[in-house]
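As written, the chains take the letters A, B and C, and residue 1 is the first residue of each chain.
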Amino acid sequence: MSKEIFKALLRIKDKTIKKFKQSAMSNQVLVSVGLILVIAIIFLGAFASFVSPYSPLELGEDKLSPPTTVHPLGTDNLGRDVFSRIAHGTKISLLVAASAISVSLVLGAGLGTVSGYFGGFIDRVIGLSMDALFTFPVIILALAVSVMLGPGVTNTAIAVGIALIPSYYRVTRSLVLSIKERGFIEGTKAIGAGDFHMIIRHILPNCLSSLAVLTSFNIAEAIISVAGLGFLGLGIQQPTPEWGADLKIGREVLAAGAWWPSLFPGLLIFVMVLGINLLSEGVNAMFKVGITRR
Amino acid sequence: MTEGSIMSVRGLKKWFPVRKGIARLLSRRQEYVRAVDGISFDVKKEEVFGLVGESGCGKTTTGRLITRLIEPTDGKVYFESQDLLSLKKAELKKIRRKVQMIFQDPYEYLSPRMTIFDIINEPLVVHKITKSKVEEEKLVAEALESVNLDPNEKMYKRPHELSGGERQRVAIARSLILRPTFVVADEPVSMLDVSVRSGILNLMLDLKENYNLTYIFVTHDISVSRYMCDRMAVMYLGQIVEEGPTEDIINKSLHPYTQALIAVVPTIDTTEKRYIKAIKGQVPNPINPPPGCRFHPRCPNTMEICRKEEPKFIEVKSGHYAACHQYK
Amino acid sequence: MAVLEVKNLEAFFFTGMGVVEAVSGVSFKIDKEEALGLAGESGCGKSTTAMAIMKLIPPPGKIVNGEIIFEGEDLVKKSELEMRNVRGKKISIVFQGFSNALNPVLKLGDQIVEAILNHEKMSKDEALERARNILDQVGIEPSRINSYPHEFSGGMKQRVMIALALVCDPTLVIADEPTTALDVISQGQVLKLIKDLQGKLGLSLLLITHDLSVIAEMCDSLAIMYAGKIVEYADVTSLFGSPLHPYSEALINAFPPLKGPKLRLKSIPGSPPILINPPPGCRFHPRCPNTMEICRKEGPRLVEVRNGHYVACHLRG
């Protein structure tokens, strides 16, 4: 089983590289830039402990010091090194966003599959609840859940996760409905396959690429939501470093003339989301192209 | 069950409820599309039995009812003395090893993401027949050879790398790997190129001999039906209007609809430059079939009784049945 | 005088994977009131030929060479603007996928009137009158001019397509698999209609289909295409009576006969070649039972073997 997955991944890698080479020059630039930005930031988060000169929690004497050689991005109002905070904040923000996406993907796609495949009463019940959730913008929903659950890292992941479930639900459900109509589904039924086999072997694998595309859009949404909650003071709390939470305290000292505690977290959010968007736009364009023109 | 028959169908019906538009919500009567409206026939062991008719006559639906891909509204289907329609899930799964189906569209029927090996192997997996990869490969290779495809070449290709004819062969291999005794073939060559059709048709005939198969062959093409079938039933608007040995139906047809169908088929024989004879009118709406004999609005020989009473399906000559008031 | 004369037409598709030589040197002619059948399997280039005549080949396809002489003028040299005067008015085309050609939200009458007013100047009432007339000619109740496409069956929609093709009195009608999606009885009705109208209106007809029996019933002459080339070209009686090219023979034998002795059908092994950078020699040779050495090296030319009967084959030509 795992050997098959490995082989499948290799095939995907080869296919992706081939599509990349086939796509237009402008698109290649798009994908490359996006990829560089995203990877750079992920590395920053992954190796946060190695690159940070200080601990993000270490209070210092030098409060609100502008960028110097000692503190390359300055210090915040508690004397903490902004660069170290950003590096660790990256790790936390990305991990929380990733957990949120995992929650929403599994639950949303799971419910969507059950709804689409079995239809009938189950579909109506689940569908109505989802429709209710779907009417709210993601950030509002995350806010509401967050208020109910309280602040903190885990709760933020859950809140944002729940807020993203409806989009996965909708997409999976309509995908399952259309895949159900495909000829090979009827053919598999004719050889005697049961529902479980059908879902695992045929329906879900055909959803994967669309779900991957959806995920690329939702990751940006998740990151912004986590940061947004932090900014509102509802999500991840001090002293844990997090882009949004740090943006919040940064804003408070902006009037005093300190631009660096807010600029850099904000910049990172912007760059990450930009990178994700460029990458997903580029990758989507790569895979949609049929016969290319040189 | 009749003597010598492997399958008996009695009074099979499938009525599809019509979805109501807003205007129709006001009327309380539920309307139905009478796709299959009470058909009965027997299929003898190891014969090829044809179901012929225009699109919309119910022949494809009949095929799916027999294999229980859709559930009938009424009627009975007996296979080897078992009542197919009353089987529960587990028993139905066992029966699927004996009753298989070949579909029309070789492009849609094969999952594009699977290799040929996976596709043909899947029935073995579903029914947990093999115990090792080696055994699976052996059976799949045999299946490919039986449909004249080279396993070494094709085993690990994907459907899009194969031609239409090759794909249909793969579909046939997949249907036969469980060693069924009864196969419903739904327009198996209609979507294939003309020069490829004969290969598939001949293959199906050879497989029938080698594996002692019984076929129900569903098609709109009466020439193909003549080539393949021992006996045929002609369907119109959900009912069987004529049934009998193939040569009788072609050369001595009884029902006016069958006669029209045969007359309208274009042929290559240019020594007889026949002008295309057309039959008037359209197939009526299956929601509200005409009263009496359903064919009467288009029939050249309509009598008074045809408008009022539905004709009975009777044996006009030995083994040759028709539902028409001309015959008593 | 020939209404249409195609000379050495070549149309290629320039794709990212190579150049597909879809039509490689096709020549034929159609006289006034003549019906020519263009037969072959899918991928042989017959539809592309039709598209080429209408200059509707989608990119990355292009006409690379040849002449298409219609009523004395070479269509290949005409501009897009000039072609708009030809399409629908002098040459019309009836397609296979009828359900896609009609706009589902417009009434039938409006669509026909639109087609008329595109090419001729007249008042809306006059156009409506002409539309009713043409519906009557194709066997549809003129009152149905106010119906929507979804109210019609497949066969009827195809007749509407024919009506649209005829509404501006064209000289040549191209029918590309006009009945393939229809069942046998609707097919009979549509074919009879086309034949009757051809006689009544003095039309020339180019009928494109894989179904040889339809061509036998409808056409005066026939060209069989394989892999982008014409392999045999003759009048219908001569070709069906004594086919010369091995592919023609095989194709004719692939149709199970309705009457007469029931012999085992012969099939052609292999499949049609991919037309990207095709190999030299006769394109049919890998599947031919009579291959000779020369067949692998040189492509045979279309030569006249008997009066009006042409074949491209080293053995028979």
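The rule we apply is simple: a contact is a pair of C-beta atoms (placed from the backbone, for glycine too) under 8 Å apart; a residue touches a chain by one contact, two chains touch by 3 or more.
Predicted, not measured: the structure shown is a model, and the values here were computed from it.
Undergrad: Have a look and report which chain pair racks up the highest count of C-beta pairs in contact.
TA: By number of C-beta pairs in contact, the leading chain pair is B-C.
Undergrad: Which chain's mean C-alpha position is the greatest distance from chain A's?
TA: Chain C.
Undergrad: With chain centres taken as the means of their Cα atoms, state the distance from chain A to chain C in Å.
TA: 54
Undergrad: With centres defined as the mean C-alpha position, give me the chain B-chain C separation in Å.
TA: Whole-Å distance between the two chain centres: 32.
Undergrad: Two-or-more-chain contact residues of chain C, please, as numbers and ranges.
TA: In chain C, nothing touches at least two other chains.
Undergrad: Residue numbers of chain B touching chain A in their complex, please.
TA: Touching chain A from chain B are residues 67, 69, 89, 92-93, 96-97, 100-101, 103, 105, 107-111, 113, 122-123, 126-127, 171, 174-175, 178.
Undergrad: Going by the contact rule set out above, which residues of chain A touch chain B in the complex?
TA: So the residues of chain A touching chain B come out as 182-184, 186-194, 197, 201-202, 205-206.
Undergrad: Which bits of chain C are touching chain B when the two form their complex?
TA: Its residues touching chain B are 41-42, 153-156, 183-189, 191-192, 195, 210-214, 216-218, 236-237, 240-241, 250-259, 262, 264-269, 271.
Undergrad: Which part of chain B faces chain C closely enough to touch in the complex?
TA: Those in contact with chain C are residues 54-56, 163, 165-166, 193-199, 201-202, 220-224, 226-227, 250-251, 260-262, 264-271, 274-279, 282-283.
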